[in-house]
Amino acid sequence: MSEQCAVKKVTEITTEEVERIKEWINTEEYKEKNMAREGLVINPAHACQPLGAQLVAHGFEGTLPFVHGSQGCASYYRSAFNRHFREPAPAVSDAMTEDGAVFGGQNNLFEGLENAYTLYHPKMIAVFTSCMPEVIGDDLTAFIQNARNEGHIPADFPVPYANTPSFNGTHIHGYDPMLKSILNTLGGDKKVEGKDNGSLNLIPGFDACTGNYREYKRYMKAFDIPCTLMADISDSFDSPLTGTYNPYPGGTPLEDAADALNAHATIALQQYSTKETMKWFSANTDAPVETLPMPIGVKKTDELLMKISELFDKPVPQELIDERGRAVDAMTDAHQYLHNKKFAIYGDPDWLLGVVSFLLEMGARPYHILCSRSNKKFKKTMQELLDTSPYGADCNIWINKDLWHLRSLCATDPVDALIGDAHGKFITRDLGIPLIRAGFPIMDRVNLHRYPTIGYQGAINLLTWIANTFLDQVDVTCEDRNFEMMR
Amino acid sequence: MEKTNKKNPLEGITKEKTQELVEKTLDLYTEKARAKRAPHMSANDPEDSGCAIRSNRKTVPGVMSARGCAYAGAKGVVWGPIRDMVHVSHGPIGCGYYSWGTRRNLVDGTMGVDVFSAMQFTSDFQERDIVYGGDEKLRKICDEAKELFPLTKGISILSECPVGLIGDDINAVAKNAAKDLEIPVVPCNCEGFRGVSQSLGHHISNDTIRDHIIGTREFAEPIGDYDIALIGDYNIGGDAWASKKILEEMGLNVKAIWTGDGQIEHIAATHQVKLNLIHCYRSMNYMAKVMEEKYGIPWMEFNFFGPTQIAKSLREIAAQFDDKIKENAEKVIAKYTEPMQKVIDEYRPRLEGKTVMVFVGGLRPRHTIGAYEDLGMKVIASGYEFAHTDDYDRTYPEMDKGTLVFDDASEIELEKWVEAMRPDLVASGVKEKYVFQKAGVPFRQMHSWDYSGPYHAYDGFPIFARDIDMAINSPTWGLVKAPF
Amino acid sequence: MSEQCAVKKVTEITTEEVERIKEWINTEEYKEKNMAREGLVINPAHACQPLGAQLVAHGFEGTLPFVHGSQGCASYYRSAFNRHFREPAPAVSDAMTEDGAVFGGQNNLFEGLENAYTLYHPKMIAVFTSCMPEVIGDDLTAFIQNARNEGHIPADFPVPYANTPSFNGTHIHGYDPMLKSILNTLGGDKKVEGKDNGSLNLIPGFDACTGNYREYKRYMKAFDIPCTLMADISDSFDSPLTGTYNPYPGGTPLEDAADALNAHATIALQQYSTKETMKWFSANTDAPVETLPMPIGVKKTDELLMKISELFDKPVPQELIDERGRAVDAMTDAHQYLHNKKFAIYGDPDWLLGVVSFLLEMGARPYHILCSRSNKKFKKTMQELLDTSPYGADCNIWINKDLWHLRSLCATDPVDALIGDAHGKFITRDLGIPLIRAGFPIMDRVNLHRYPTIGYQGAINLLTWIANTFLDQVDVTCEDRNFEMMR
Amino acid sequence: MEKTNKKNPLEGITKEKTQELVEKTLDLYTEKARAKRAPHMSANDPEDSGCAIRSNRKTVPGVMSARGCAYAGAKGVVWGPIRDMVHVSHGPIGCGYYSWGTRRNLVDGTMGVDVFSAMQFTSDFQERDIVYGGDEKLRKICDEAKELFPLTKGISILSECPVGLIGDDINAVAKNAAKDLEIPVVPCNCEGFRGVSQSLGHHISNDTIRDHIIGTREFAEPIGDYDIALIGDYNIGGDAWASKKILEEMGLNVKAIWTGDGQIEHIAATHQVKLNLIHCYRSMNYMAKVMEEKYGIPWMEFNFFGPTQIAKSLREIAAQFDDKIKENAEKVIAKYTEPMQKVIDEYRPRLEGKTVMVFVGGLRPRHTIGAYEDLGMKVIASGYEFAHTDDYDRTYPEMDKGTLVFDDASEIELEKWVEAMRPDLVASGVKEKYVFQKAGVPFRQMHSWDYSGPYHAYDGFPIFARDIDMAINSPTWGLVKAPF
């Protein structure tokens, strides 16, 4: 930039240029160029590991999430949750700076743990890392042991920790090690041979829908089976406004979590965000350990209920059978609004498998399925799901693609609606396709995370949002002569 | 300091009581942390600046800080708002993801065509990039950006933590790419671990603008006597548009905005303007000084919050120009006097005597004081996330005696102060918002204008007044206590 | 028309004429003319009495609604329910025709009762009238006694009946006598001196939201107080799809209804649709009989819970206190989307009082409140409610007006949104104002009647619909430069 | 009659078995009711019409009938669809309310300005109107209608039950109002208690059109050889537009439509056309006959459901005209052959061998048979809500031997038959829809096209095929049985 050439004049982009490019980015030619991208990622549909770890931490009783790394990281994770839930997200960091790069972060961790323990009176501090300590290779195991030895925290105070490098996987991959570490820290040594506490460990996986957690608990109550719902954020991120701020509302009771290895059975409801945790269960208990699909739609919910029924030798409660029937009723009544409609869906792999399953149940076509960080196994699993239905034929699975890819796909091979988080809204604006908001994050609408998307009521909710979005669209876009009272 | 129906919002606020509160607050800490935090908070005495607040220090580990990082300062504040460039968050996925669309720096244009601010570009570092370095990928990214966005006027490369740790040479990549692609490609080493807050990110970014941009363009049209630049307005919710509007109404030509709705070539030609007007002193005073030194451009601070400060600023700005501009300024002030009075007449009776605690970044902890006062309110506590001494020097005189001034507060301090001082409004960020609402305290996000705005200039004040009123007087507060 | 004048030519209305009138009907001048209407009713917001009676009938166990009158009436009531609930609405009529006008409808009633009893095996037949027998003065008391005497129905078979003339009041006024008759028929003689069965009679009033009924039951379960929810249509009009059709799913158990006079207390949740029934309770039992406002919004829900708590000397359950806090939280978080927004609302009087109360809680302005058949007492009650809040200032109450009046009002003195049933959609189309659908009937969207609008969750639901409608509108109508990720 | 994967949908259907089913169904009734119902249902024998179904009788009291009333026939079918008139439901509030917007007779124009079909006008009788009579109010209503809707081309007064019982003289009111307002004001004594079904409402309405409308206008342009009227198309979901389109493609001029999207002055001039084409025979054959008698206009029935019947009808219609029209008809048929074949190729494999039970009104129980057959399906049971003998005479030959033909079925009969015959689709009305869906049986509303349409003509068939397929093959049916 310091060359000695004559200084150029300020130029303005002409309207013609803008119009030309505006058209061009909707073309097949542009799509080809766009899909060929190798380096640049544009509008990705995923965040980084520590976010998942922090979600887990918020889900345990009295637990303070603790970011070992730069303070800005913690601010980012916290505000991401603030915006989605419109709730506090108390978490601290140990504010590593340049000197950390040189000397490592042990001193920051010491001081941080001591202050956090003193100021915020947590029952547990859950430590996870952001990039910096991962790059420089901080040894958390040693550091935390040293912190105990040096009295920065009491010897018996639980400090689970997880390595959650942001340059590997996504937020769902940070969920797993943090959960495993918490369970191992609290109860890794508490397995009692032959003991069966009669309860179910239920592991939702990364899920930012508080309504889902409440629904899981309601289901288990209906079964009358004691349940330890792991990383239960339903109260942490949906607490009453009473005039008194409580930084730790709700969460999985630590005592229950500590007894996890003595449970009657363990079920995970996502497979991609719970792998390590489930391995840990399998390695440490002889009780049944099952990984089921996320129960979105009728069939996947059936699967969960049947499994619970089988594991606990209890019939599915009539209350839930009736709910099922009501969901099927609603779906039948509204099938004509979704039948053969094409959807573009983007999000986390387990969630995608669930929503796709639901759409297929409705005779809808999950036409563009986009998972921004995933692998061939996911692609295969998804393809197998698509193959179970004629409505899955000719549908497309896109892995390791982003929302700018999706924009090109929808511009050249359109769909009737998008389903996904708020980040898809630019596609819907540009292409005039409605967005049904679900998943994480939703920072431009209120309360949606309070409504379950799992289970039978979740199916009704999804159906309501989708069908009524189409009906709204008809009423807005139809000609006067087709504007009608009934739909 | 109990809350009463007092008309005098300062009643009961004394230096002694405030200092007592400070001490009680510090009691929460360990000795070590107490020693670190003590210099960052004090009861104000506008006449005696001996009470100087310590600032721009490392955040105490383990407290709940509101601060961001250097990257946040570079991406969110300085570079991100420049609309016609592709800003690459260089490193892992998260930093770009979390800062995507969350700062409301609005722009004019067609997204993905000639403007790109609402988009998120990242190199999405993977393990292999950490191990083998990301320079090659970065070069590919520059090429792809130019190919897919042919109207881009440049590329900024905003480094995240790992880049600075693994020894990548983004300067070399940028230099080559700039040459090949024939657009500015600006490397910005704003790794999050640098410095103590987003403040260093502003500075680093300013340096890169100085080194790579300033002076590389000249305006196509001849320079006029009334050409100015608007520095440090990030167009949150349209602020810069509101500010620009009245500056132009008084006859000035706003040739460049730094950086809200900014155009890089206009920024590059800013060295030609006659005056730099600086709103957010914190983030950009350095650049004003650079341009003064290098190009002899005078600069001045101003304040466009609330009609009192706006009128004062318009007159001060006009004083830099000839009589025509001075007359124009009076006309503009006259034109807006009645509409602003109507706003005050509507809202002041509902807000008279209400108190505010402010804790934000940039210019707002002092600049918004006058706007509250226009509504009959008092700021009884004010603090900055990432200020420097010069910010505090400008703040003491604006705050009443005995009010609380503080720096880089941790959340637990804020809780303590709110509990004791019971302000009628807390004006802070999203991380604090729901904490204080849970405590039953009205709140407005004052970084993002709580998704409203603009708040600047005459267009902004009616919106500001409405928003403050609805926050404080929303009937939902009457529902908080259950009758059972 | 038989005059001997020259036959005129077919004429076409010109585009100019259309444009002129199209503008004219939005003017103040037109509004004045329109508001001055004395005879013609255009697009009314209410139906007729028998519909309310039929709703009540559907709400009791094994009960077959029976229309004494023309068969077309029954078809109309049934299809109105079919379309709103997307559910069966089994009901019969005795198909009176011309000869009924001459001889009265006794023979039709005899034959009808006999056939209905034989074919549909009801546990109770609930008879109500449409216009014809009301005009000719059929004596139901005598007819039904005669039917028993002549063996068309068994002597002890319950046949409550109600006079529900369509030329008097609205659907809500048919609810009342039918409910009273059912309770009197089943249990009018069953009051046992000194007996207190410990339960609460809860009377929702005319309400076509199945979600509300479920919510009432859930509340009572949370209180652990036995409750007889009267005319409980929650299963009747939201039954599972199982492959087997059951004409009588759910409903208030007849045995419970028969014991109503021995309840610990009785609460009605609407005042305008339950007057006669509540008089009957007051006359026949010494237990507390309370008429509360429909519990829409936080305050009115509080009132209900406090009353239950007081009557049964039980604290409000923590579960509901938490729900309250979560509703207040949601309302606080979203207040800025509703604050000072103007609404036009139309519907039944009790429902209007509830929705207005909720809007005032949100700092919103219920600007045009329209009740198509009501009286000065309602107007006064509503004005008192408006007077409790600064946001009620300058709001307008319109009684005995219709939706064509409302169109004029909204055209000349606009609002930000309408809240009401589907019939308002033409106003929203013409004037570009969004419609938030609530109330009865909604025949152009799916599932909305499944979501409670009462109680704390109802407040969240209303809030979600309203706030997100505005946010949708912003995203659709804003300029490109104001299209943002966060809202 | 168990359901199997049979390719021959008629397999197992015999006269004997069907008659046995009829007997079993009748066993549900009391002796008296059995005697009344027995003549209304029978196994079909296309060659022997001795099995004639009794029809147009009073509905048995206490059964669950699908029938409406005379008012419904007048408001919903004949008068309501005429777009440019104000149709007043005269009497209490309900009748007009329930029939408001629920029949999908679409119209072109601007609601409330030049078209009024989507609106609901009523006199909303109160007790005092019953006691003192409603004539005065009615007159006021006419005046107000004309004042508020100056472009209205007329007013129809559709009496509800009370009007006929209290002795009001709506004829006198109408006559005076017509004179004063200078538009047709048509009194229609279609009280709901008249007759046994909506059928009498059609007839009464036809009479009023005959007495007050027909012949009162002439077309402004000269009459042409190809001028026709389309009678008995109510434009449900746009049916009439689809029908009109292909009639015009073959060179005919559709001068008036009775009454879908109808214009009263065009209807008034229908006596000038050269041919009346009648689709819904039931509701309007009487008018065709009147016009034939009085004006010598020939008429013919036709069927626009499904490509086979459409082609047949187009040829039969063309046969009434010259060679040009005949050639045009062939061209139209040729033009649509391939697209229709594509529809069949897509859906027939999914529908082949499926069976249907039809129970609707008007023309559909027989007219839709061919459309199902085009898709490889068979109607195995068909019934009318309000037919007359001539309808059944036209139905027997269309139905296969042993299939069930029935009249004014009660819901319990339908349930019994569906249980026994297990059709793959029930095609009936909204009152039946959810009953059969609860029983796990696919269903389409065939009065309202289930909010879809059009189903008429070439535009309609692809939609019909799609809808039938989605109803039968929706995967939601696979969810009905819980696995636990």
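The chains carry the letters A, B, C and D, assigned in the order they are written, with residues numbered from 1 in each.
We adopt the following convention: contacts are C-beta pairs under 8 Å (C-beta built on N, C-alpha and C of every residue); 3 or more make two chains touch, one makes a residue touch a chain.
The UniProt protein names, listed by chain, are A, C = Nitrogenase molybdenum-iron protein beta chain; B, D = Nitrogenase protein alpha chain.
Worth saying up front: this structure is predicted, and the values here are computed from it rather than measured.
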item	value
B-C against A-B, pair bridged by the larger set of C-beta contacts	A-B
Farthest chain (mean CA position) relative to chain A	D
Chain B and chain C: spacing of chain centres that average the CA atoms, whole Å	52
Whole-Å separation of chain centres (CA-atom averages), chain A against chain C	40
Computed distance of Cα centres, chain B from chain A, in Å	31
Approximate Å spacing (C-alpha centroids) for the pair chain B, chain D	68
Sites on chain D at which at least two other chains make contact	100-102, 109-111, 118, 434, 437-438, 480, 482
Residues of chain A engaged with two or more neighbouring chains	83, 86-87, 239, 241-242, 321, 324-325, 328-329, 332-333, 423, 426, 443, 483-487
Contact graph of the chains (line, ring, star, complete, other)	other
Partner chain A, residues of chain C touching it in the complex	83, 86-87, 238-242, 321-326, 328-330, 332-334, 337, 422-423, 425-426, 429, 443-448, 450-451, 460, 463-464, 467-468, 471, 475, 483-487
Contact footprint of chain C on chain B as seen in their complex	100-102, 104, 106-111, 118, 238, 434, 437-438, 448, 450-452, 466-467, 470-471, 473-480, 482-484
Of chain C, residues touching chain D in the complex	1, 7-11, 13, 17-18, 21-22, 25, 30, 33-34, 37-44, 46-48, 50-51, 66, 69-80, 82-83, 86-98, 100-101, 108-109, 111-120, 130-132, 135-136, 165-168, 170, 239, 241-246, 404, 407, 423, 426, 430, 443
Chain D contact footprint on chain A (complex, rising order)	298-299, 302, 305-306, 309, 315-316, 321, 324-325, 328-329, 331-333, 335-336, 339-340, 360-363, 389, 391, 480-487
Chain C contact footprint on chain D (complex, rising order)	28-30, 32-33, 58-72, 84, 88, 91-102, 109-114, 118-127, 129-130, 137-138, 140-141, 144-145, 147-148, 150-151, 160-162, 164-166, 178, 184, 192-196, 198, 211-213, 215-220, 265-266, 268-269, 410-412, 415, 429-431, 433-440, 480-482
